[in-house]
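Take a look at the structure below.
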C-alpha cells in the first residue's frame, strides 16, 4: 500500500516537473525518469507486458527521439529559451478547475466501472487455450482482435510516409550529432549488437507464451538501430533503397496477405491458421516497426551503410 | 541449511541496498561532477551485483541465476561506457568555462 | 462472398499502398489502379446484397463480439462508403494530374491516399468502439501526411496544430471507450448499447467521447484548426478533408448518441449539440463573408455546413435523419467540387486572392461555372442534393414547431448566398488587366472536368433522392417520427 | 522475512526519488544525465526484487529489457547531449537555478 501511494505520488510529481521544467533539458530528463517510474508501477501492478512496452517505447525510444529533437533545436537556436513553460494567463485558473472536475468525474466513473462485468475477458480466457497461445495479450493482439493490430501497423507505416512527406529533399541534410570519439565504442557495438538481436528474437518467441512480443522486440531493435546511427555505423540516406522500403511495408503486407489468404481457403477473413502464422506476422511486424522508429530518429527517408 | 542460505541472501540484499544508499548520498553530497560520478557508478555496480546475488540465492535456480548474471554484466557494460562519456563531457565543459578541470561551476 | 467484398473495401487499398511504396516507377500506377478500381465493384455488389438483407454483419477473424471485432454495414454506412469511393476515385483522378505516380511527389502522395481510403472504409464498417479509435487514428494520420505533401510552410504549421488537437481528441475518445468497456465488458457498440446505463459512468463516457470527436469534427467552438488546414492543403487533399475526414467524426457522434445511448440520451444534451450546430452555421458563414482568399471562404463554408449535421440531434426523427444524411452526401460532393475548382484557379492563375481574380470567368470559364454549380447545392437551391436535404430539414423543423431551427436554416441559407455571390461577383467582374494565360493542356482540362463532374453529381443528387432515402431509412434506429 | 523485500523495494524507491534532487538541481547537464543513469540501475534492482516478491518470473525479463535499453539508450543520451557543435558555444544549463 505504501509502495502504491509512493509510486502514484512520484508519477504525479515527475509529470508535473517534466511539464514545468526550468529548462528544456531538465524537462526531458524528468520525462525519461517518469517513463522508468511508470515501468516500475506497471511491474508492481503485475503487468509485465505493459512494463516492457513502457520501458522500451515510453522511456527508451521516445526519450531518444525527444533528445535528438532537443539537440537539433539547439543547433538551430543556440540559446535555450529561458522558460519553456507557456505564459501565465487568467484562463489557467478556469482550465485548472475544469480539468480537476473532469478528472474527478472520470475517477468517480472509473470507480463505478470496477463493479462492471468482464464478459470479453471471460470469453477470452475460455477461448485462449484453443489457439495454442499462453499469453492472453498476444492472443488479443494477433488472433482475436488482429484487425486492430493490422491497422496499428498501418498507422506506423502512415507515420513514416507522413514524416517523409514533411521532410522532403532537405532530409539528407538533417544533422546528427558527431559520433563520440572514444575507443570504448567499437567493443561496445560489437558486443551489444548480436546480443540485442538474440534478446529481441527471444522476446518475440517468448511472446506466444509469456510476456513479450513484437512491439517490445521491435523497440529493442530500434534502440540498437539508434545506437548504430549515433556511432556512425549506419547513416541517413536521402532516399530509401528497395530493401528499406520492403522492410517498412513487410509488416502490413504479410498481415494483409495472410488475412486475405484465409479467404481463399474458405476460412474467415484474418483467421490465424496456426502458431506459425503468429510468429510469421510478429516477425514481419518487428522488422517494420523497428525500422520505422530508427528512420524517424535519423530523420531520413532511408539508411545507408556508412555515415560520411 | 536453508535458513542459513536465506539469511545470507537477505544479508546480500541489505548490503546491496546499502551501496545504493551510498551512491545516492554521494550523488547528492559530493562537491563536483567527477567525484559524484565516481561515487555513483562504483557504488551502484556493487549494489546491483549484491542484489542480483541475493535474489539468485533466494530463487535457487540456475536459469534465474544466469539471467541475473547477464543483467549485471549488461549493467556493468552500460555504466562503464556511459560514465566514461559523461566524464569527458564534464571535463570539456569545465575547460570551456575556464574553471579548473573537474570543479563544479556554480 | 460478403466477407470477400468487405475485405476488398478495406484491405485492397492497404495492400496497394504497400505496393505503391515498394514498386518502382510506372508500376506504381498499376498499384494505384488496383487499389481503387475494385472498390466500386465490390460496393455495388454489397449494395445489392444490402437491399435484400437490410443489414450485413461479418465477424472478422471468425470471432464474434465480445471477443472479436464485427463489421456491420447498414444503410447509413453504405451511403458514406459510396461517398468515400466516389471521392477517392474522382478526386484521385484530379490528383493524378498533379501527382503522377511515377514521379517523386506522386510517390509521396499515393500511398497515403490509398491508406486514407482503406482506413475510411474500415471506420465506416466497424461496429467496435476500440477499432473505431484505431481507424480514426489512421484516417487522421494519413490526412495529416497528405496535408504536408507539398511542404508549404503554412500547411506545415496547420498540420502540426491539427495533429496536436486530433491527438487530444483521440485521448478523450479513448478515455470514454475505457469507461464503457469497464462497465459493459464489451467493446462492441451494439452489445454495449444494451448494457450501458444512464448513470454517472454512462454520461461521463458519452461526454468524453463526444468532446473528443467534436474536436476532430471541427464543430464550433472547436473548429479553430480547420480553416488553416483545409485552406492551405493541396487541392485534392482539401477536397477529401472537407468531404470525408471531418464528416466521419460527425458520423461517429451520431452513432454514439443515437445507437449507443439511444433512448436515454438526455434532451438537454441533444439541444446543446443542436445549438453548437446553429452557432457553427452562423459563425462559419459570417467568417466566410469576410475572408479574402477563395480557399479560405470555402473552408469556412465547411465550418458552417458541418453545423447542419448537428441539427439532427434537436430535430430527432426519421425524416431529419434522412435529411442530414443526405446533406452529408450532397455537401461532400459539392464541397469537393468547389475545392477542386478553387485549386484549379490557384494553380493556373497563381493566386486565389479574391482581389486578383477579377474576370477569371473569361480565362477559366469551366472552373468558375463549376464553382457556381456547386454553389447551387451548397445554397440549397432546387434542383440539387442540397435542396432536398435542406427542404426536408425545414419540413421537420416546421412540423415540430422548432422556430429556432427554422430560423437558423433560413439564415444559414441567406448567408451562404451572400458569401457565394460575393465570390462569383468578383470572378465575373470586368477585369482590370488580363494577362494572357498559357494554352491549357490535357491535364488542366481533365482537372476542370473532374471538378465539374463532382458538381454535376451534387446536382444530380437532387433528381433521384428516393433510393438513397429508402436505403437510409432502413438504418434509422429509433422508430418513426416522434 | 515478509517485510524484507517490500521494505527494500520501498527503500530503493525513496533512494531513487532522492536522486531526483540532482536532476532538479543540476547544475550541469552531465549531472542530470548521471542521475538518470542512476535511476536506470535502481529500476533494474527494484524490478528484480519485485519479481522475487510477486513471484512473476517475467519481471526479470522486464529487468533484462530495461538493462539492455539502458546500455543502448544511456550511450545515446550521453552521445547526443554530450555532442558539441558550432551552434552552442555556451552551455545554458549552467545558468540553471
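The first chain written gets the first letter, and so on, giving A, B, C and D; residue counts start at 1 in each chain.
Keep in mind that, in the parts below, contacts are C-beta pairs under 8 Å (C-beta built on N, C-alpha and C of every residue); 3 or more make two chains touch, one makes a residue touch a chain.
Model, not experiment: these values are computed from the prediction.
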A-B compared against A-D, more contacting pairs: A-D
Subunit C-subunit D separation of Cα centroids, rounded to whole Å: 48
Approximate Å spacing (C-alpha centroids) for the pair subunit A, subunit B: 28
Subunit A-subunit D separation of Cα centroids, rounded to whole Å: 19
Euclidean distance of C-alpha centroids - subunit A vs subunit C, Å: 31
Residues of subunit A whose C-beta touches two or more other chains: 180, 185, 188, 192, 195
Subunit C residues counted as touching two or more neighbouring chains: none
Of all residues in subunit B, the ones touching two or more other chains: 74, 77, 81, 85, 88
Interchain pairs in contact, sorted by label: A-B, A-C, A-D, B-D
Parts of subunit B lying in touch with subunit A, wherever the complex brings them together: 74, 77, 80-81, 84-85, 88
Partner subunit C, residues of subunit A touching it in the complex: 105-106, 108-110, 112-114, 116-124, 127, 143-148, 150-152, 154-155, 157-159, 161-166, 168, 242, 245-246, 248-249, 252-253, 256-257, 259-260, 263, 267-272
Residues of subunit C defined as touching subunit A within the complex: 3-4, 6-7, 11, 14-15, 17-19, 21-22, 24, 58-63, 66-69, 108-109, 111-112, 115, 118-119, 122, 130-131, 134-135, 137-138, 141-142, 144-146, 148-149, 151, 156, 159, 175, 179, 181-187, 199-201, 204-205, 208
Contact footprint of subunit D on subunit B as seen in their complex: 6, 10, 13-14, 16-17, 20-21, 23-24, 27-28, 33, 36-37, 40-41, 44-45, 47-48, 51-52, 55, 58-59, 64, 67-68, 70-71, 74-75, 77-79, 81-83, 85-86, 88-90, 92-93, 96-97, 104-106
Contacting residues of subunit A [partner subunit B, same complex]: 180, 182, 184-185, 188, 191-192, 195
